[in-house]
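Mind looking over this structure? Questions follow.
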Amino acid sequence: MTPGAHSFAWEDPTATLAAGGRLSGLEIWRGIAAGELPRPPIGALMDFTLPEVQEGRIVFAADTAPWMLNPIGSVHGGAIATMLDSAVGCAVHTTLPAGVGYTTLELKLNFIRGVRVDDGQLLAEGKVIHRGGTTAIAEGRLTAASDGRLLAHATTTCLILTPR
Amino acid sequence: MTPGAHSFAWEDPTATLAAGGRLSGLEIWRGIAAGELPRPPIGALMDFTLPEVQEGRIVFAADTAPWMLNPIGSVHGGAIATMLDSAVGCAVHTTLPAGVGYTTLELKLNFIRGVRVDDGQLLAEGKVIHRGGTTAIAEGRLTAASDGRLLAHATTTCLILTPR
Amino acid sequence: MTPGAHSFAWEDPTATLAAGGRLSGLEIWRGIAAGELPRPPIGALMDFTLPEVQEGRIVFAADTAPWMLNPIGSVHGGAIATMLDSAVGCAVHTTLPAGVGYTTLELKLNFIRGVRVDDGQLLAEGKVIHRGGTTAIAEGRLTAASDGRLLAHATTTCLILTPR
Amino acid sequence: MTPGAHSFAWEDPTATLAAGGRLSGLEIWRGIAAGELPRPPIGALMDFTLPEVQEGRIVFAADTAPWMLNPIGSVHGGAIATMLDSAVGCAVHTTLPAGVGYTTLELKLNFIRGVRVDDGQLLAEGKVIHRGGTTAIAEGRLTAASDGRLLAHATTTCLILTPR
């Protein structure tokens, strides 16, 4: 354990927000994955990439970093929650047409194994379990890219926001 | 929405880790609150302060910041999860004697109201519901310091790690 | 452990259902508590009584019974879930005006202590944490009436169903 | 909606309890499925059968019944919770050797679609997500046997109880 510092910078996310009116959720996340639309600031903090974006399924990838650590040397639950909250919410988003939004009502996380800084790249896969007209349910799995070990699991309930 | 950047630096947290063998959880968190022990790196990211530390109850305070925002202008669930995960876990920690640790098995979050950047200071209060010999349960409430509005709620299950 | 049998009978609950159009949730649950409206069939199974019904808070009481037991002699999680699901959902219901319904989106239960058949009367208190226009959050506490020990804890998210 | 009554009887479950010392969880649940070991009383209430029992996966089947209904004509969350709590806990149990027990720390349920009495047979599938030395995580899916529609989803955290 040593002292350290971390800096990150983000682009103006207005273009991503504005795209919500004319692009579907799948198109928006494919645009962010391709670098055509700016990712949100927290994506810059985590330095997320998006190796897979399909309808109803999305994978966020990020490397562990010293700023994520607890004094005991494992990754803070908040960093894990940030990855899984993004994965499950955006999995729901990929099923929504242009102009339809969502909000996350609740998120439940199981921390299965301590995540170490030398676990390297983490993959957070979000997958829709159910997409109805009013609500959607999704699950998330956080694994170590190196060996596929399951590190954490999540479920979420989202409310679909359809303009009248 | 504009582009932006954020930088933060943390002290070597070894002293806080080493204190775990001779100080109780309550003493450790009072030490961090008083600036006598270094906070963990994620505490520097969030720029947490600790206005209240008691046995079984702790309050983390942090200001909203542009890096926490989603494209739609509300604070990302990951930042809220970071505050509440810290609050509920550390509330449990304040009940543990020196040499006894804990790990968070699961965390459930309800996002009640969208958190805006102009909500200013956020307070995450963690409170123990049950502390047994093997497990502990705690709840958390995230409120806006300005007007006390409830923004999010959490519950957690922790495993108590007693050396044999 | 011995063999056993259990029988229960319920009244036609149509009157309770029909009351939903002209009575508020608080009036309905006060009517059931007073024996003026029939309780639902599952209320007959559990032999619930309702010692307290207020706006935003309700208490269900039921005695442990041999049919609730696991082979290991403790009350099955399903019986505990039945009490707490009723308590948290109905606490939300007591805040709703006539003609407005709700549905439970999710329920999370912590089983804190094993419930024994000789724990006797159990109290399930449901209390609203947040009641908005679209969703509501409530918590529940299951205690032993004899000594107040906390046996289980619950949180729920409900969707408010307002006719257009 | 009509008045009604329900009666059920159970065998002495002592033989199932006693089997815990010499049979694995998989052997116990296969014994119950085959009718060689008595099911617990709550199994008689629900009239469970066990169409599938494997290591790490179990399916409980039960028919909807009038006693399960709410006044609004849908199956009470408590009956759904009873099926899913059984499925996820017993899925974990099927991975445990003789003499090793478990206890359910928490259960989270998502109610996805209202369950109607004419949905007929319900299937609650429990599946282990992670089985470690101290804790296990499982998920459950409640479906309608007739058409496979997903009605509810569950996750659980169990503590493994290994005698020293």
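A, B, C and D label the chains in the order they appear, each numbered from 1.
In the analysis below, a residue touches a chain if its C-beta (ideal position, glycine included) is under 8 Å from a C-beta of that chain, and two chains touch if they have at least 3 such contacts.
Because the structure is predicted, anything quoted here is derived from the model rather than measured.
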Practice item. Could you tell me which chains are in contact with subunit C and with subunit D alike? Key: A, B
Point to revise | Most widely separated chain from subunit A, with each centre as the mean of CA atoms | key: C
Check your understanding: Across the interfaces A-B and A-D, which one involves more C-beta pairs in contact?
Key -> A-B
Check your understanding: Shared interface numbers for subunit B and subunit C above half of all numbers used, same, or below, different?
Key -> same
Revision key, fill the gap. Subunit B and subunit D have mean C-alpha positions lying a whole-number Å distance apart equal to 36
Review point. Between subunit A and subunit D, what's the gap in Å when you average each chain's C-alpha atoms?
Key: 32
Check your understanding: For subunit A and subunit B, what's the span in angstrom between their mean Cα positions?
Key -> 21
Check your understanding: Out of subunit B, which residues touch more than one other chain, so two or more?
Key -> 105-106, 108, 110, 157
Check your understanding: Considering the complex alone, what residue numbers of subunit A touch subunit C?
Key -> 105-106, 108, 134-135, 157, 159
Check your understanding: Where on subunit A does subunit D make contact in their complex?
Key -> 108, 110, 112-113, 129-130, 132, 137, 139, 150, 153, 155, 157
Revision key, fill the gap. Seen from subunit D, its contact residues with subunit C in the complex are 1-14, 16-17, 20, 40-42, 44-45, 66-73, 76-79, 81-83, 85-86, 89, 101, 103-111, 114
